[in-house]
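Shared between the two complexes below is subunit A, which has subunit B as its partner in the first and subunit C in the second.
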Partner chain A sequence: MAVVTVQLGQCGNQIGFEVFDALFTDSQCSQGFCSKRENEAYQASCTERFFREENGVPIARAVLVDMEPKVINQMLSKAAQPGRWKYDQHARFCQKQGSGNNWAYGYSVHGPKHAESIMNLIQKEVEKCDSLSGFFIIMSIAGGTGSGLGAFLTQHLQDHYSNALKMNQIIWPYGTGEVIVQNYNSILTLSHLYRSSDALLVHENDAVHKICAKLMSTKQISFRDINQVLAHQLGSVFQPTHSAECSFHYRTNPLGDLMEHLVPHPEFKMLGVRTIPQMSETSLPYSTFTWNGLLKRLRQMLISNAKMDEGIDWQVRPPLPKLPPPGKMCLNREQHFNTSLANLLILRGKDVQNANLEGFRDPALYTSWLGPADAFSAWKTPRAFNRYERSAALVSNGQFFVRPLDAVVGKAWNMFASKAYIHQYTKFGIEEEDFLDSFTLLEQVVASYRNLF
Partner chain B sequence: MTQSVVVQVGQCGNQVGCCFWDLALREHAAVNQKGIYDEAISSFFRNVDTRVVGDGSSISKGKIRSLKARAVLIDMEEGVVNEILQGPLRDVFDSKQLITDISGSGNNWAVGHKVFGNLYREQILEKLRKSAEHCDCLQCFFIIHSMGGGTGSGLGTFLLKVLEDEFPEVYRFVTSVYPSSEDDVITSPYNSILAMKELNEHADCVLPIDNQSLFDIISRIDLVVSSGKLGPTVKQDSLVTSSARALKRHKKPFDAMNNIVANLLLHLTSSARFEGSLNMDLNEISMNLVPFPQLHYLVSSLTPLYTLADVNIPPRRLDQMFSDAFNKDHQLIQADPKHSLYLACALMVRGNVQISDLRRNIERLKPSLQFVSWNQEGWKTSLCSVPPVGHSHSLLALANNTCVKPTFIELRERFMRLYKKKAHLHHYLQVEGMEESCFTEAVSSLSALIQEYNQLDATKSVPVEDVPRLSIAV
Partner chain C sequence: MGRRRRRVDEEASARAGAGARTLLDAIATLSRSLPTGPCPEIFRRAKFDRPEAAPALWELLFRLLAPLLADRAAASLGPGAQARWVKAVLCSHGYPRPALAQLPEDGSQGSRELLLAFSWLLARGPLLEWLLAQTCVKLGDQVPTFECEVLASPGLATPQMDAEGPVDLRCLQWLMGKLRFQWQQLICSQEEQCALLSKIHMYTWGCHSDRNLGHLSVTETEMLRDPEGSQQLLQALEQENAQLEAALEWRRYELVFWQWMDTVLGACPSEDPAVPTFQPSISEHGRGKLELVAQELQALKEELQALQELLRKEVLSRRQAWETQIGGLGHGPEWSAARQALQQAVDRELLALRQAWKQGKGPSLPQGPHRLVKIEAGSAEAQGLPVAEVIRALRSQEASLEAVLCRLQGQCRQELARLAGTVPGLIWILPPGR
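Let's turn to the complex of A and B:
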């Protein structure tokens, strides 16, 4: 089954390009550490999901949307290198004037005006899929086009393709220094997506920036470096895996299977990704890993809420099985232990069948109402990813997300109390009431996650 | 891509505008090596086939034929505009873009605003409409004028209102040159205060600039250059040496000063015109930097003022560029943002600078700056990959900061000194439509603005506390 990607705004289009490039590069890689047959099946499955062929050239199953032309033009020409993959020249929509970091402009002006044309482009892409697994929507939540138009389009996709799954890859802005009204734009986006999307996959710029600095040893970090790390993480999640233990067939419905495992309740739909190992290309050939070592570290990253394999707090331990009274425990847990609602572990590479997953089946990692049998699953393939002999990705739904969300809601609320910048939104029909609705919904989400036990 | 139209009014406006077009042409010539008319050029220039008679000869694609500035030139005397038309830039303008008179406004805001305003309203409107018709997506009018004289100040602010009525969707960014305290125009405080009221009411953003600051910056550059520290490494086309060749004059301090203002506009629009990894369109400027409609005065600084000939950026020097941007000696108006309160701050970077450089410098500088309680993280940033001609990198910092207040207070004091004595008032009151109430309303409008800044300054000593959050029934 195929996934149609919708790239929105500057951020979405820059990342979308890197994602397709990473998927393509990996699937063409001859160093798969596996049999030829395995490699071919993997390639075929990747292509079915993310590319279609036209005259022998892989074409990304993507629709590019931006309200100004510069970025899309740049990405189209970058993707036009001979011997690689391409975008469909017709699957793009751009206008002349961007949304100016104004969510209200993206949502209330660009949205209604252009939804039909964009939906037509999306429909054309959908018609080229033999069967549709769902939509992958890449957008930032800080600006105007990705966030505002993105929220509007996700709603439209929900109305028009209610049976197809919608996963939004959202880029969480740096805590400071990108867009001044980013917290307003973020709460408006998140609250709208919470109503219309099936799952929100969150990447924080701050966390990825740190990975670039610490793990990739990049000195002068550019957005390209950040986006490539992000693309690597997404690739390690979405590249094909076997459908079941000891099976040679690749999983056919990537989005559907993923959400079935990870979103057990509509109140909880924020997902995060951790990958291990992650390092610069130059150090890769000199490194070896065992499954035991990787999974031990990954488990500790999970429970201590570390975004990368460095500076992990090894003191954090799961709570003892005997439950203390809920109130007290919540406080304790918030500070240290990251409770999971659901985890999906994806393992790729050599001897993958020998990896011991017991550490992730510990009931203490999960809530009392969803045991490890339901809350944990693992996908595998012996095909190595991106030349890493062994690598693991963990997609999880859990409390990791409380702190950044709480911070954004808090900052937006402080600004809202002074009424600063509100006139920029009311100008385009987003009233104080709309802000209050968003605050209410998100406070609810924060509370729900915080009180997981 | 969007387009902008520059409206240059009065002597100062036209001199600055002239420098701007000279630099804009040179910048696009340096970036666009192929001679093909592209979207970046189209933001400020039309491509016209001059062999075709008439006006409908704009070419949207293909080779550059003849570039015409998207500009309207207005002056109530002929001197400067005639000089432009005889100079090397004559081909980028044509007679359809000009409005001149011969009598001048006599340094009287009322003459510019009321007399010439009414007299030339239709004509101005027609030229503006024409320039708008040549754009397929007009985003912004840049008005360049001075506050102290008659034409720029009076007619310049008159047309702000015209623009607001006629093109409500199009942004109005105003570059206003404020008189220095030793200004030789005796009525400049009157003119400035009367103009301020219009700026308060009808501009989206105002970039205040004062001659004294420009002069000080030029003197400092001259000092470094003549002391031989830079030696032969000063680049030919950099800000230091690019005198306004457009006006056929020898280098005067005013040329260099006008160049700084022209560079400000070029830098301000660079991220909208050229590619970059973090774009900043013009509409993002007011969205991020104007928290309340009236508080739209942005203090700007351009760094570095000079760049050595080396191409690589040693990290130390790059960081110096960021430090200097907050230094009071680098502001284009006499103001000290570091010791006042920030409402918001934008850093627009050009050239080989990456997001990690930006972040490092924000983290480094943040502790030394004070932000208003509800906007503790009020930073907006952009990265444009095309550096200015002759430089490897540069930075424009825009600060919405209470440090503009002293300029306004000083202006009000100078106004009051004249007004108490009713000095020169009759020159104004004899103009039709001009009443005493115009003065009192203007000064109370300015006082209200000062009061807003006072209230913000008063919050400086109050500790920052979080507002109690919404409580949710769980």
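Let's turn to the complex of A and C:
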């Protein structure tokens, strides 16, 4: 089943390109550490989902949207390299003028003005799919076009394609961002997406930046480096996996399966991704891993809320069962231990069937009201990903984002209390009432996540 | 030794009465016309309530009552669960013999009761025809028909769940959300199937030897791609053919079988008529409530009787008063003309109502499966059931189901609001989205 990607704004378009490139490169890679037949099935499954063929050339199932033409043109020409994949030249929408980091401008001006043309482009892309599983919408949350227009379009997609799934890949801004109103933009985006999207897959710029610096040993980190790490993480989630334990068929609707496992509850929609191992191409040939070692580290990353495979706090332990939840113990625990609502573990590579997953089936990792039988699932394929002999990705719905979200809401509230910059929003029809609605909703989300135990 | 002697006895009786031979034939044809029918010997043993015949009969009943589930579920369900299923479904169909419900579920005994239950099903309706339609090998693509009836048929009785503590609302919301996603996935895969079906029909246009059809079906295309599969298909068709032949033959012998069944019934110990039919099991939790309801019912009954009495008196007195009042009226020519006009008006209105009702009821689909065939618009051979009609019928069905859903949701919402209102200090915040 196909997934149509909508790339929004500068950030969304740059990441989108890297994601397609990573998916394509991996699926064409001959070093899959598996049989030829397996490799072919894997390739076919990946291609069907993210690409369509036109005269023998894979065309990305994507619609590119930005209000400035520069980035889109760059991406189109980058994708036009011979022997690889391409974007459809007609599946793009751009204008001459951006949103100037004003969410209200993107949402209230660009949105209503251009929604029809953009929806037409999306409709054309959808018509080229035998079956549509859903939309993958890539955008930042702190800017103007991607976030404002993105929130508007997601709402439109919800209205027009109510049976298709919507996953928003959102980029969390740097804590020390340059845009003064980034916290306003973030709460407006998040609250609007919470109403119209099925799942928010969050990547924090700070975390990915650290991965580049520590694990990939990149000296001068560019957006491209960051986006490539991000694309690697997304690829390791969305590349094909077998549909069942002993099956040789690839999963037909991974987006649907993922959502069914992780985000059925309307109040818990925020997903984080952890991958292991992650390293520069030069050190890859000199490293070997065992499933045991990888999974032990990944589990500790999960429970201690470490964003990467370095500097993990090994002191954090799951709480002992039968301890009374209220009281000091609980407070103490809350600060360190990361409770999961649901986890999806994806394993790729050699001997996957031998990997021991018991560590993730520990009831202490989960809430009292959803046991591991419902809260944990694992997908596997013997096909290696991106030349890593063994690799694992963990998509988790849990307390990862309680603190960043709380911080953003707090900062935005402080500005809002002194009415700073509000006029820039009211000028375009976003009233104080809309801000208050956003605060209420997000505070409810923070409280819900905080109360997981 | 014993067995041999019995057989000798049987043969002797077969010689004695020509009927026995036909009885054996009757049971044999019946067994052959059932999918995975047990061997005829099982029936004979069941007459004598032999325990070894019981497992095969439980299995048979399970397959008859759960044909859609049978293949997959039979493997996953143990004999105990199968037996529970059979009991539950028979109960819901109104099977009258309480002895069945008391049978142990381990399949160790009760073959005669099971044989009676089976013949009850057989006598009740067109069981064989229905089964044959269910297991029919489908060569053409089927028009999707209403599946609401299938969904509404009694499901496997869920084990009584008296939750120990209160269930966390979040868990219910989680499960509800899961259901919603599964529903969306189902719709997606249905759409995919339709799209692929349409592709097959287009690519195979003009390939069919039957001019009326114009294109191949999925099964036919599959046969072309995989000739070995056609062997299997042939086998399936032959099997179905044998079943059909057996079913036809069965018609000739049916009477003999029923005569024999009378002797089986006669062999049963007579039942205590005082024993009521099925006692529904009531959980501890429900018992208290039930008593309350019973008391309330009794009180209401008394009240109703009192009211009826009152009403009767009231009507009597009114009627008397009225009759004296109209006294001499109602005989003149004006009166009869007015009455005639009224009568006509009522007739007209009735007719209009009937028509409106007929239209409002919406089109109903003709029964039975239909082969899905693509025909060029305006083609002369166009006959049968146009897709537009099917779609219209499905739409109207959808609309009425949606109305029911809306009504139920409204009721739930009211109930929820009422419950929320009973908790002091509670602020009700609806979850975001949906």
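Methods note: the second predicted complex is superposed on the first by the 444 of 453 C-alpha atoms of A that agree within 3 Å, B and C clash if a C-alpha of one lies under 4 Å from a C-alpha of the other, contacts with A are read in each partner's own complex, and residues count from 1 in each chain.
Throughout what follows, contacts are C-beta pairs under 8 Å (C-beta built on N, C-alpha and C of every residue); 3 or more make two chains touch, one makes a residue touch a chain.
Computed from a predicted model, the values in this text were never measured in an experiment.
With both complexes brought onto subunit A, simultaneous placement of subunit B and subunit C is permitted, the two fitting side by side without a clash. The vertex angle at subunit A, taken between the C-alpha centres of subunit B and subunit C once both structures are aligned on chain A, is 140 degrees to the nearest 10. When both complexes are overlaid on chain A, the residue A:413 reaches subunit B alone and has no touch with subunit C. When the two structures are aligned on the shared chain, A:25 is found in touch with neither subunit B nor subunit C.
Contacts of A:102 after superposition on the shared chain: subunit B is touched, whereas subunit C is not. When both complexes are overlaid on chain A, the residue A:123 reaches neither subunit B nor subunit C. In the superposition on chain A, A:195 makes contact with subunit C only, not with subunit B.
Judged by the touch definition given at the top, the superposed model places A:220 against subunit B, while subunit C stays out of reach.
With both structures placed on the common chain, the touch criterion links A:253 to subunit C but leaves subunit B unconnected.
Of the two partners subunit B and subunit C, more subunit A residues are in touch with B. By the touch criterion defined above, A:43 lies against neither subunit B nor subunit C after alignment on the C-alpha atoms of chain A.
By the touch criterion defined above, A:374 lies against subunit C but remains apart from subunit B after alignment on the C-alpha atoms of chain A.
Taking all C-alpha atoms of subunit B against all those of subunit C in the superposed arrangement, the shortest distance found is 7 Å.
Touching of subunit A by both subunit B and subunit C, each in its own complex, is seen for residues 444.
By the touch criterion given at the top, residues 1-2, 39, 136-137, 139, 275, 277-279, 281-284, 286-293, 344, 354-359, 362, 366, 373-381, 383, 466-467, 469-472, 474 of subunit B touch subunit A in their complex. Those residues of subunit A that touch subunit C in the shared complex are 1, 130-133, 163-165, 191, 194-196, 198, 252-253, 256-257, 259-260, 263-267, 367-370, 374, 441, 444-445.
Within the complex formed with subunit A, the subunit C residues making contact are 168, 170-171, 173-178, 180-182, 184-185, 187-189, 191-192, 195-196, 199, 429, 431-434. Chain contact summary for the complex, subunit A toward subunit B: residues 10, 14, 68-71, 74, 96-102, 105, 144, 174-181, 209, 212-213, 218-224, 226, 409-411, 413-415, 417-418, 420-421, 423-424, 436, 439-440, 443-444, 447-448, 451.
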